[in-house]
């Protein structure tokens, strides 16, 4: 056997595209972080330094900004599909392209009870994401959010777990449950690569459903909570094929105040940084066992 | 001349205190990052390794958590004043103590149109801060916020500036103005160390005023905008003696789309990371010149 | 079709394990960041909140620290193999376990020309990594490094690339090439799960070879440089089956000093943060085409 | 009393200046992060939006890069003094200017036992710093380092400290002492603003002395260690007037392995993130009491 090139791809990461829509005096803003990556038969660039089939990452960057103007940004998904299509068209040897977008939300600044026309304050909180993967045969869209930080101050337990000789954790009947969630849902492929979909409406609906399910589900483990959240999303959204979670269990430890003559019935906690539990799960459609 | 100990202080930084108020089924949450620091005659610890007058940083930590229970956290300012008073009382050789608090806000998760009793989502956006400095003679309270990210998509210019042979910047008649602001306002000392003040109401009012002034002031430079914001706060709040700003000018550069046959009348920008302008200014009370 | 649980796993991430070996007066230190994750039939925890087969992440943490004592840390790989074996043994329904380790290196502080017995300074620079994946059938070891920041001030070009109407980049005959490299090499499975291997010696040899190849290879693109580095490693190390790279092209842009009457023949650069090129490639063994 | 402008300054922060010296085939590299800030009578910019006396931050950036060529970078101090002088000269109403520089060190990549001519690997570890403050009357130079991470695995105790009812910490006879140090030393003003000084040699000497003193001083508290380090520097360097430290006590907690039937005589520790002790001290010249 010899030594050969395996899987490879290349692109421009973290293009900070800010698009102002100023067709009227009431401006709109979209604030994106865009990464593109092409894959295909780029072997000659690796083995012979031959760039003749390599669309430069600088050109990918230019295209990302030009498409913010030419195509506009009605949603991250719609923009990513268009941008990916262009990059694939411009690169004959490419088999596929991945476009990742992170979006920060902005709110209008409130002045005298109304949102201002052209002044905004960044919302903070979670980042909306999409990863669009295009080949010559079609598109796959996976949308989601990251760093959605949620906490329940009661309604969570963890007990009856497997024990071995290294287990010191006591059963917990009532604890804080907190996580900084990443969720990604994969859309059922559309005949039209999803061009008719209202991606923004689905995003808002899924986000609201995730939050409400987190709030209202009694939790016997973070695993159970994630599964309930995933179920709720799949039940409500036929257009979603699958949803995946990565959820650090951000531990809040009850502080022992007894040495100071104080009781602490679930009132004072220390929030820990590391280590943290990390729970990952996918909820999908299939035959129940 | 010999070699001597100069200014010194010590404490525990970044205690992550989370306090749940669960007196009723409708819980409240306060999420703080607390740092304490004592100063005074701690020379013997430095020169002779004598710890007999040194209240351990571990004890300062314990006290920060105990006070979250004993005194509670109606506001960062009120809690910091109480905690600082305790630490000063417990450390005879201390002349002064500084307590810094950063607070993250949480919102109730909305379920069926109403906020949930015990499930929360972290708001994101700016962090509320306070720095309380106590001596045996009194207290100084400086409150503020950091990382308030604001942007105007028009209503900002920068022109007529000083030029030298290294100046290449053209005049700008219409640009994006954006910053991640830090503001800190110093309260007029109160007879009672401010114990009767409604710190939360003032915070909300100042924050709203800063935002509204940013939105509605035409900007001929970030300096002018900051000064206007400071003036507005001092005019509205007699209890505030002074306000200081540190405001990175987060540059958004208009992308040149002309090579691609596209015009770009203030629509597509690249958000830059570094370098950034950094404007710092204090607005205070005094005799006008 | 119904809604079912898909792939899932859970564990404790970022256990900061510091191990001092003090059998003699000349101490040794290993400074690790350890993450473990179990997978298998944990469906009941998700669907019914039944934890009876779930070894708590807290127990995984305890085991990580206990194994630093019981088994010791002669290398990240050796420790990870032992820890993974224990976790798999302790969890009957687990099919597999992944143990990831990041290691920071420390040097002895030099005193009078010799390394001190028990005082250390952290080396900085790259982090050594290993990811060990164990199933009931065997082990896979992937070792590497991340954040190895390297730069060539000449000996790099980029030209003759594919152009379209969004291409503005000129050919570059002589540029800075810089990257913060992540490399991961997969070991050929050993009959004994690698227990006889000298993981530390291989790490040092591969690191040196990556650096020397980077330095001495004329670069017609970062892709070519990565491929050369991978080839060199596979040629020299039969025990390595495959090596993968993720390499951000950290752009250094030549500053235009002509407006100031200064030439700039490759002397003054601005280092950019974002966007950056991102090149990913695997070099493997196989039939050459 | 009216409302007036208080202290203010402005500039360009974090210019990432990379300078290659390529006068011979053996290149040199300096990798700086440069921030400049002007102060003086800039009131009109704040109150009237009048920029006529304001040298743009963009011009400050241009000058930082031009000076890397015109003046060169023999040391951060020398470059900062020259750059500051230029900015002050170019801005009539400025009273003073501050130039801050952070420098990352690079090593030559070793090939066949020798350092390569034009290939480098970033050293990591501590960052060298300087803050030069210039007025029309003279210069003050404060140099230092930050993030020098050091650890002693024995030779450190903490006991006999002040106790109150919130003290639970036991005496420690033998503990890990670790910190990520920031040190800054102020130079005695020179008749020539220090232009004849060998800043690089002093930096290397102070760094070595700090490390050696940390290593060889038995520590009864971090305070005592810092004071010893400061004394050693002032005793050896007449050109240094004062040295200040900020040193987080990076706690390493001994893990209780007794529940698992294992003893742990100072061998296995968990490195904690937050909270941390924070010790700040200045050692200066003056009359001993």
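For reference, chains read A, B, C and D in written order, and residue numbers begin at 1 within each chain.
The rule is simple: a residue touches a chain if its C-beta (ideal position, glycine included) is under 8 Å from a C-beta of that chain, and two chains touch if they have at least 3 such contacts.
Just so you know, these numbers come straight off a predicted model, no measurement behind them.
**Q** Provide the labels of all chains in contact with subunit A and in contact with subunit C.
**A** Expected: B, D.
**Q** Looking at C-alpha means, what's the farthest chain from subunit C?
**A** Most remote chain from subunit C, centroid-wise, comes out as B.
**Q** Rounded to the nearest whole Å, what is the centre-to-centre distance of subunit A and subunit B, using the mean of the C-alpha atoms as each centre?
**A** 30
**Q** Indicate the whole-number Å distance between the mean C-alpha point of subunit B and the mean C-alpha point of subunit D.
**A** From the centre of subunit B to the centre of subunit D is 24 Å.
**Q** Using the average of all C-alpha atoms in each chain as its centre, how far is it in Å between subunit A and subunit D?
**A** Measuring from centre to centre gives 38 Å for this pair.
**Q** When you check subunit A against every other chain, which residues touch at least two of them?
**A** Expected reply: 15-16, 62, 66, 166, 168, 260, 273-274.
**Q** Any idea which subunit C residues touch subunit B in the complex?
**A** Within the complex, subunit C contacts subunit B at residues 165-166, 168, 259-260, 273-274.
**Q** Subunit C touches which residues of subunit A in the complex?
**A** 1-16, 35, 37, 42, 45-59, 61-63, 66, 90-91, 158-164, 166-169, 219-221, 223-224, 226-227, 230-231, 234-235, 242, 244, 248-249, 274-289
**Q** So in the complex, which bits of subunit D are touching subunit C?
**A** Residues 15-22, 27, 29, 31, 62, 65-66, 68-70, 106, 109-112, 116, 118-126, 148-155, 176, 208, 211-212, 214-216, 252, 255, 257, 260, 262, 264-273 of subunit D touch subunit C in their complex.
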